[in-house]
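You will see chain A twice below: alongside chain B first, and alongside chain C after that.
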Partner chain A sequence: MTPNQLMFAIFSAVIIIFSILTVTSRRILRAATYLLFVLVATGGMYFLLRFNYLAAIQLALYAGGIVVLIIFSILLTSHIAEKLEKPGLKKIIPAFLAAAGGALISIATILQHNFPAEVVSGGDRTNITMIAKSLISTEKYGYALPFEVISILLLAAMVGAIILAKKRKD
Partner chain B sequence: MNFSIYDFTSFTQWIDKLLYDNLPAFWAVVVEMTIIGLLVLLFYALIGLFLVYAERKVCAFMQNRVGPNRVGPFGFFQTIADLLKLLMKELVYIKNADSLLFNIAPFIVIIASFMAIAAIPFAKGLHAIDFDIGVLYVIAVSSLGVVGILLAGWSSNNKYSLIGAMRSGAQIVSYELSVGLSLVTIIILAGTMQFSAMVEGQANGWFIFKGHIPAFIAFIVFLIASTAETNRGPFDLAEAESELTAGFHTEYSGIKFAFFFLAEYMNMFILASIAATVFLGGWMPFHVGGWEGFNHIMDFIPPFVWYIGKTFFIIWIMMWFKWTFPRLRIDQLLTLEWKYLLPINLVNILIMAFIVLMGWHF
Partner chain C sequence: MFEGVPLHWFLITGTIMFFVGIYGFLVRKNLITILMSIELILNSVNINFVAFNKILYPDHLEGMFFSLFIIAVAAAEAAVVIAIIINIYRRLVSINVEKMDEMKY
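The block that comes next holds the complex of A and B.
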């Protein structure tokens, strides 16, 4: 077993175990913490694939940004003694069936797909200059339009949030 | 093996070769990682202890006192005595706390700072991992620490801890922006995010001088924002002693408290060494383009000494901030970030991009 395979096994185990714990935990902040572990392990997986830039973005945005936001909102709204109700059998069975069906479909697709084998030795696979250029390029494989569309979406979301949070005069 | 204190590359490569020649590849990797981990851990502990001592001495100096002076010469072993005391203290069990999160929180904080230290270049060739996205990696990893603080505050089940954690969260999340953007200014100038390439790029002058005024503004903004990000005074309202007893770590005792304490100092060290590397040339000696004789004399001082000297200079500035400015209120803190630092930063990036585009920098 090579060190890479060992790390892959560790990261996959962390991702699987903590994903299950995230959805089964009855304490909401613990669930958020488990989600953090899943996202950090996913970042580790990207490092293993030498997608350094993607890994750092995963850590900064998901682990450092979104999870912090989730924890922040839990901190503001929930009390430490609160526990989520135990779901009844009526909820567990459909949820389990949906999850199992989704897992089956994706596993079947992955097994059927023929991944082209590619061995990359050393170095980084993604070049930041390349990413930056394709992000603002308007040519083929350029992301200028999606980038701008997402900015408009974010702007709309921010304006909406401010209007919702603003005190009304009456 | 030719070993020199000016270039560690041959030394580290010699160790690497020695391990791979004598061990199977798998164990060579394991042993190498263990050695690096232990060295970093040792460095971490020693620097942490020294910084606590330095803080007390600097504070005493600012307040016209003597500071620790009983244990060892000039009180130098005071922090070691403190460490022994903390190690032997009882770990108080909190009955109504969320014990899992309560126990995990200090480790999240300390792991985040421990991961960041791996990417910092200490001297030529003395660099655990040289990512091509070095700066981004350090920023990304150090942003994880805030999760530990928030968890610590909430799981203590104590109103002071919770308020402290909320304040600290709001503060770190907003000031992270300024830290990142001020570094982006220099990334534009350097044209790279790799620490080693950045340091090499400062061989004929540090970026703070090469980038004219925008680089200097970025340096000032970085100093302010990084002081805030480490939760240090004058931005220490997360643990304001007079109002919140001790903020998010009120309920922690013994070595778990020491973890938070150590992580705070190490975060200060990490941010100071980023500032030293990005703005002041890291381990690169003070060079002036064209002055060959002067540059040659400066080269005689080993890179490690340059690195430590610059880092401690910035740490000293941060301590100076802490002991001379009064604490900000939360609204003043957020106004400073969102209404002043952020707009200044954004305009600064534009100016820097314009300067680089016109080729006005050195």
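The block that comes next holds the complex of A and C.
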């Protein structure tokens, strides 16, 4: 087993185990903590694939920002000691069947498909200079338009969140 | 194959994570736990994009940019969802989805 395979096995095990714990834990703050582990392991997966910039974004935005936001909202809306009620079997069985069936079909399809075995790479292109140039380029592989659209979206989301959460005067 | 790790392994990890998220989305009743399931689903899609990008098209950056934009959209979505959840909690003193039938006029 090569070091890469070992690291992949660790990250993959952490992702699978903690994502199952996230959706089954009955204490909501623990579920948020398990979600944090899943997100950090996903960041590790990006480091394994040499996407350093994306991994940094994942750790800062997902693991740092979104999880903190979720924990804040948990503290604002529920008691820490409170346990969620158990979902009934009437809900668990159809949901489990849907999820397990979908997973089996997808995994069977993935295993049957033959991907090209070896793709020759023309050198590492994931450095920060290439990313920055692509983000502001308007040529073929440029992302100037999505970049501007996402900035409008973030502004709209910010204004919307402030207006929604603001206290009404009445 | 990426330095000994086949593409299938990444895809299977992403698939399991995606369907665990689907299961949580269907079973949970608390709005915040539903939001966590959605985050799991979005994350699994990111793993797939990045693995395809690195292993099948190592000279391009499309998968990375898709993941980048998905992360940005997820952050915006989380901010708006949490504002809505806090607003609902202020009005109904509960964030259980089954008590959400008073939202209509």
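What we mean here is this: the second predicted complex is superposed on the first by the 149 of 170 C-alpha atoms of A that agree within 3 Å, B and C clash if a C-alpha of one lies under 4 Å from a C-alpha of the other, contacts with A are read in each partner's own complex, and residues count from 1 in each chain.
To be clear about the criterion, contacts are C-beta pairs under 8 Å (C-beta built on N, C-alpha and C of every residue); 3 or more make two chains touch, one makes a residue touch a chain.
Fair warning: this is a prediction, and the values are worked out from it, not measured in the lab.
Taken together through their common chain A, the two structures put chain B and chain C side by side without a clash. After overlaying the two complexes on the shared chain, residue contacts for A:75 are found with chain B alone; chain C is out of touch. When the two complexes are overlaid on their common chain A, residue A:65 makes contact with chain B and with chain C alike.
Counting residues of chain A touched by each partner, chain B versus chain C, the larger count belongs to C. Legend: residue contacts after superposition of the two complexes on their common chain; A:30 is shown touching chain B, with no touch to chain C. In the superposed model, A:45 makes contact with chain C only, not with chain B. With both structures placed on the common chain, the touch criterion links A:128 to chain B but leaves chain C unconnected. By the document's definition of touching, both partners, chain B and chain C, reach A:2.
Once the two complexes are overlaid on the shared chain, A:17 sits clear of chain B and of chain C alike. In the superposed model, A:57 lies in contact with both chain B and chain C. Nowhere in the superposition do the C-alpha atoms of chain B and chain C come closer than 14 Å.
Within chain A, the residues touched by chain B in the first complex and by chain C in the second are 2, 53, 57, 65, 72, 74, 76. Looking at the complex, you find that chain A touches chain C at residues 2, 4-5, 8, 12, 15-16, 19-20, 22-24, 28, 31-32, 35, 38-39, 42, 45-46, 48-51, 53-54, 57-58, 61-62, 65-66, 69-70, 72-74, 76-78, 84-85, 87, 91-92, 94-96, 98-100, 102-103, 106-107, 110-111, 115-119, 121-122, 125-126, 130-131, 134-135, 141, 143, 146, 150, 153-154, 156-158, 160-162, 164-165.
Those residues of chain C that touch chain A in the complex are listed here as 1-5, 7-13, 15-24, 26-30, 32-33, 35-37, 39-40, 43, 46-47, 50-51, 54-62, 64-65, 67-69, 71-80, 82-87, 89, 95.
On the chain B side of its complex with chain A, the touching residues are 25-26, 29-30, 96-98, 100-101, 104, 131-133, 136-137, 139-141, 143-144, 146-147, 150-151, 153-155, 157, 162, 165-166, 169, 173, 176, 193.
Touching chain B in their complex are the following residues of chain A: 1-3, 27, 29-30, 33, 36, 40, 52-53, 56-57, 59-60, 63-65, 67-68, 71-72, 74-76, 80-81, 124, 127-128.
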